[in-house]
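Scroll down for the structure; my scribbles are underneath it.
Chains here go by letter, A, B, C and D, matching the order in which they are written, and residues are numbered from 1 within each.
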Amino acid sequence: MLRYAARRLAAAVVVILGVTCVTFLLLHVEPGDPARAILGEHATPQAIQALRRQWGLDASLGSQFTRFIGDLARGNLGRSFVDQTSTSSLIAARIGQTAALVAIAAVFAVLITVPLASAAAIRKDRLADHVVRALSVVGLGLPAFWFGIVMIEVFSLQLGLFPVGGWGSSFESHLRGLILPGLTAALAIVPVLIRSLRVGIVEVLEAEFVATLRSKGLGELRVLMHVMRNALIPTLTLLGVNIAYLIGSTVIVERVFDLNGIGSLLLTGISQRDFPVVQAVTFVLAIGVVLVNLATDLLVAWLDPRIRLG
Amino acid sequence: MSLTVDLTEPFVPTSGSGFWRRALKSRSLVAGTIIIGLIALAAVLAPVISPYPPDQQDLFHVLGGFSSRHLLGTDELGRDELSRLTYAARTDLKVGFLAIVFPFLFGTFIGTVAGYYGGILDTITMRIVEVVMAFPFYVLVIGLVFIVGTGVRGIYIAFAVADWVVYARAVRSTTLVVRELDYIAAARAGGLSDLRILGRHVLPNTITQGIVYAMSDIVLVIVAVVTLGYLGLGVQPPTADWGAMISSGQDFLTTKWTLSTFPGIAVAVTALGLSLIGDGLSDVLRPS
Amino acid sequence: MTTFGDRSVSRRDVLRYGAVGVAAIAAGGVPGVSSAARKTLRRSSVTRGGTLNFARSIAPTTLDPANTIIAGDIYTLDKIFEPLYITSPAGKLTPWLATGYTVSKDLKTYTFNLRQGVKFSDGKPLTPADVVFSIDRARTDKKGPLSFLDFAITSLEAKGSSQVVAHLSAPWAPFISDISAFCNSIMPANFGGATESAFFQNPIGTGPFTTTGFKPNAASITLMKNPSYWQAGKPYLDAVDFKFVDDDNQRLLQIKGSQVDAIDLVPPSQVSALKSDSSLKVSLWPSWQVDLLVMNEKLPQFADRYVRRAINQAIDRNALVSAASFGTAKPGGSFFPPSLQYYWAGTPTLAYSVSAAKATLAKSKYPNGFSTELLIDGGVQKWQTFAQIIQQQLKAIGINVKLRPLDHASFESAFQKFDYDMFIDYAINDISDPDEMASFELDYHNGGSNSYWSSYNSPPVTSLVHAAQSEFNPAKRAKLYAKIQAAVAQDAPFVPLDYPPYIYATSTKLNGFAVNPGGAYRLENVWLA
Amino acid sequence: METALAVEDLTVTVARPSGRFRAVDGISFEVAKGRALGLVGESGSGKSLTLRAIMSLLPAAARMDAGVVRLKGTELPHAVRDVRKALRGRMAMIFQDPLSALDPLQPVGAQIAEVPRRVLGLSKRRSWERAIELLRLVGIPDPARRARAYPHQLSGGMRQRVVIAIALAAEPSVLLCDEPTTALDVTVQAQVLELLEDLRARLELAIVFVSHDLAVVRQLCEDVCVMYTGRIVETGPTPEVLAHPLHPYTLGLLDAIVDLDHPVAAPEPIPGALPDLEQIPGGCSFHPRCFLATEECATAVPPLAEIVNAPPSHRSACIHSDRLRAG
């Protein structure tokens, strides 16, 4: 396990380095440059040059990169052009909402996927299976924001069960306010998860050991417990692989539900052409993905003796 | 795209003899082809079958209901909804297909080469893939569209950068399996050049896997284009596109729900058709 | 010396147009000014306390009255700071921190009597020195976009314990109206000892509400009741929570879902749908607002008068209003809104005609048209609709328009940096005198905005604007403004698109809410049932 | 001799997109206590489905349409749930791939102990002790330590011993073996076979042993049934059948294996391939591949019948068996 963890950690470090380089380049591959983007098309060359100097964009790429890495090492993700505050403080103030949203969405995704995928797998090629598969195909083609709009219409406006948006001020209101967004974000990946997990459970069910369990004379419930434990591993792996997509979807979900997480910070940064904010949020989200992937891999390893002891 | 669909187990597709016989027997493949065929036909013939130009406004007859003049009514600018739907099919199918051309070709090529040669080339490629995959898909696409500019061009560039990694990863794992097959080993032992083996024996096998994935990928691309349209970063007005139609129709959800529902249904049906083709193809190509 | 309590004489025109507006709206079954005003008077059963949740479209970036013209800032800071006069919901100038004034015979010296017993939110009394400090600050700050309003003032002095004297360089007709502008709001002299930036983070004013720890572009801001407010027993509310939601739809959802008690900028398309909701009240308020398509004359194509005229002729404003305002607005003609004093109904505007537009364009340097960009505030549904219509209509004369939607803050900063080809925005006359709008939109050098960032600069028009400023005779002034409107209609620096009302949706629990034609609403009379 | 297991007229159909097809077509056999019966055929001949039908472990697409299974003379019920209950402690099964036959996430001891614990209702401690006893019984050295190992940590042979231990945990009288040695190395195969032989003798087990490998069957089984397209085409005492095959298919199978003791000729494959379920030829289903086939063969399904000049226990479903006898 330790050796596996060390290897996995080393790979994660390499990916984080790559992520850092890509994020840095994000600011520099721009056709034209951020200074022009901020000042507008009719700005004078002098003004642009002055702004470039102010942001250190006139230095060589190498020295800019060194400075970027140095700043990162000190936890400094840059200063917002618009708000003139540090991007790390902007992110820190909002990351809680996004993290809570992702967590709730992941829980919902599992709660929806596992029963549906199990039902489809157990009743393979029967009506339940066809219904679940058809739903997941159609679901794949429906954009997340569409789910969000429909859910606001139904659950908030018609039934009045949940707020139409916003974060609220108490823990209870946070929770209530996150249910619909969490569900929406979850539904964005549920079709994929169902399709994959169904295949996974079918494989487990068709695995010889299930026949062994039955031939042992165990009750069906007991057999199902074994199956579930085995299906948990591909579920977790899948969730880990798709967490990036889930995190990406929260950007849109935050917009639909008027949440002030770092997803909406990203969109604001983009519409205000606030490069440091865009850069910092992209970086933080990518690091988040790497860390979540690492965590799920380690969790799976811990659950699976084949990796843990292998 | 960083959504991972059923790609965990690589399979070695079979092609050649019997493909068409089995293809015709696959109900999902036939159904999917008919659905997409009809939509594509409507898209291609849009200028012929649409009763009105898609951007012709009739400002004195906005939000009109179903009528013989406007079968599906008119939108908030008095434009014919049916005409816009068919023209939007043109836009979205075109953008969907074109956006995956580069990822498909490049990803399949890179995945095949990395899987076939292995070693340092493979390691480096896979690390790059992991780095790209670390960026949440929408974050990467939104960021790239922001950098290169909104509109169709931005979408193409964003997908070119973000989407090839999925093909590369899936095709690589297939290649790892194919590489070990007896006939490939025999071909190598027989002194055939790598180029010839790759071109004649490996690629024909891996490319089918790419095609299968491409079907569900087009769905995801269309959904992404639609989502970008919702964020105002997608296809720019007045070009008709289902995403922009859904998001502008959202303003009239309570008064004229059909405005955002019809394009929504169009996306769902297209998705259904493409998924059926994808499922059918993988059944047909996967040896039983 | 003549004493004026209130210059209600010159308000008659406004009231007439206001009444027309109200009548038109009342015909549509929407509560207008009069019924709301009546409600305010019925005070017997006022409920005190509670927090008003108000979702607004634009977040404030500053609370400094002298350094903004942005709605998000103005409608926040005017709850904290107050001027000597204000404009009532009926459009009347009303004595506020002053109780009245006297004016010298040469019309160049005004003496204001300050209201007794007014205290700042820190409990300190209002003094003449505070008034002198505040207005001096507003008029001498050259960066202040509305400092031109105080152009005529040469000096201010405190007189005794309750009077302030203003000396003008020349007779200045809009003077009291200018004094009522939010930029001339009163704050403690020398910021009460604080630094300027610290003061505007924790502002102290005489208004009904206060706030602490202000941050620009926050998602929300809470205003607390000012316990020292000079109107005894007011405000009724304990607090106001402004939430800033730039997306039209999300704002609508929040009021429909009862998450807030009021929203602003209701899209016209939603008015009829919202009216069917019995828990809501939709109100349309007559405005001194005109929506403009502004063209950047720094660019050669828009410097060409034929191009601007062709664009004016190519845009069918009747169709635009029919499609986009759902019967709430009137099609644009003069750049003055009809409700504004000295609006001239007979202004010779350029009529819609595609063939005439083509003919005009043919005379320009761009006979075959050109490609250009239209900048809009992408969060507002109405602008998106307008933009798409304009895009389509200009295509008919060979002008290809690409839309450039930005979020509100970027949109504002883009056109203020002249980073645009064309943009659509609204212009509101904040005060009762039309001089503000005339100067702001036409006086390139002294209007504070280079003619609404269009760079339109016509010396004859500018001198007419200046003449109107010192003309006290209403009939003569009306003639001057008629000439101005005619000249502008022919020069066509803008396309006045429509004259919309302010549209608010409020919960039925909300009482006493009223908006003045300048777009400002006061909250000390508001209570939640 | 006491009959431990009897199967009569067992029929299994499989659902395909184009309809239901017979994969096992009315087969019957019986096994006595302490004896082993081999079920031989190519993969796809229906032999594994036969075992799974008996255990009621059929995959979702397959269904047992007819047939009676008797355990010591008692007919098993038809409902799946009831069958499983009725089988407890009486019949068990072992599988081809011991790795996939074991739950990868549980230590092997726990997987064995689960049977005494859940099925026999023993205490937790007693169950664990029983698991270790069973591991010792199947010849695993150091059983107390191995009980804590996970399947992937054991060798193939060890795993198959564990699978056998699980099967024996409920003390069954009948053991169904589905190609239990196919996935193993040759040397390990031999050890496992020895173990099975030894257990059969000690525990008086009746064994049904499915294999495509005639050599393995010859070693373990007194009797053999040869299956083709879901039917038994020949049955009889193993030495007799192998020495004097009375069905051309059996002959083909024998020709196809290399006889290491008498390497006289290269193995000769049967021409053609096992037909797909959906395209089983009419009449004797082997006739298109058969060197003896006549027109008559294509008209009717030949019954499994006693053959003149052969022992009565040796029966064949070939109308031309006399020509094999002669030749």
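Keep this in mind: a residue touches a chain if its C-beta (ideal position, glycine included) is under 8 Å from a C-beta of that chain, and two chains touch if they have at least 3 such contacts.
The model shown is predicted, which means the values in this text are computed figures rather than measured ones.
Undergrad: Comparing centres built from CA atoms, which chain ends up most distant from chain A?
TA: Result for max centroid distance from chain A is chain D.
Undergrad: Could you quickly compare A-B and B-C and let me know which has more C-beta contacts?
TA: The greater number of contacts lies at A-B.
Undergrad: Would you mind checking which chain's mean C-alpha position lies nearest the centre of all protein C-alpha atoms?
TA: Given all protein C-alpha atoms shown, the central chain works out to be A.
Undergrad: Suppose each chain is reduced to the average of its Cα coordinates; what separation in Å results between chain A and chain B?
TA: 22
Undergrad: Approximately how many whole Å separate the CA-defined centres of chain B and chain C?
TA: The mean C-alpha positions of chain B and chain C differ by 49 Å.
Undergrad: For chain C versus chain D, what separation do you get between their C-alpha means, in angstrom?
TA: For chain C versus chain D, the centre distance works out to 91 Å.
Undergrad: Please output the residue numbers of chain C that touch at least 2 other chains, ranges allowed.
TA: Touching at least two other chains: 378.
Undergrad: Multi-chain contacts in chain A: which residues touch at least two other chains?
TA: Residue numbers touching two or more other chains: 255.
Undergrad: Two or more other chains in contact with one residue: find those residues in chain D.
TA: Counting only residues that touch two or more other chains, chain D contributes none.
Undergrad: Touching chain A in the complex: which residues of chain B?
TA: 1-6, 8, 127-128, 130-140, 142-143, 146-148, 216, 219-220, 222-223, 226-227, 230-231, 233, 243, 246-247, 250, 253, 260, 264, 267-272, 274-276
Undergrad: For chain B, which residues count as touching chain C in their complex?
TA: It is residues 55, 57, 59-60, 62, 76-78, 232, 236-238, 248, 250-252, 254-255 of chain B that touch chain C.
Undergrad: So in the complex, which bits of chain A are touching chain C?
TA: Touch list, chain A to chain C: 39-43, 82-83, 152, 156-157, 160, 163-166, 255-256, 258, 260, 268, 271-273.
Undergrad: For a test of understanding, state which residues of chain A touch chain B in their complex under the given definition.
TA: It comes out as residues 11, 14-15, 18-19, 22, 26, 29-31, 134, 137-138, 140-146, 149, 153, 189, 192, 195-196, 199-200, 234, 237-238, 241-242, 244-249, 251-252, 255, 266-267, 270, 278, 281-282, 285-287, 289-290, 293.
Undergrad: Touching chain B in the complex: which residues of chain C?
TA: Its residues touching chain B are 248-249, 267, 269-270, 272-273, 316, 319-320, 322-323, 378, 381, 384-385, 387-389, 391-392, 402-403, 405.
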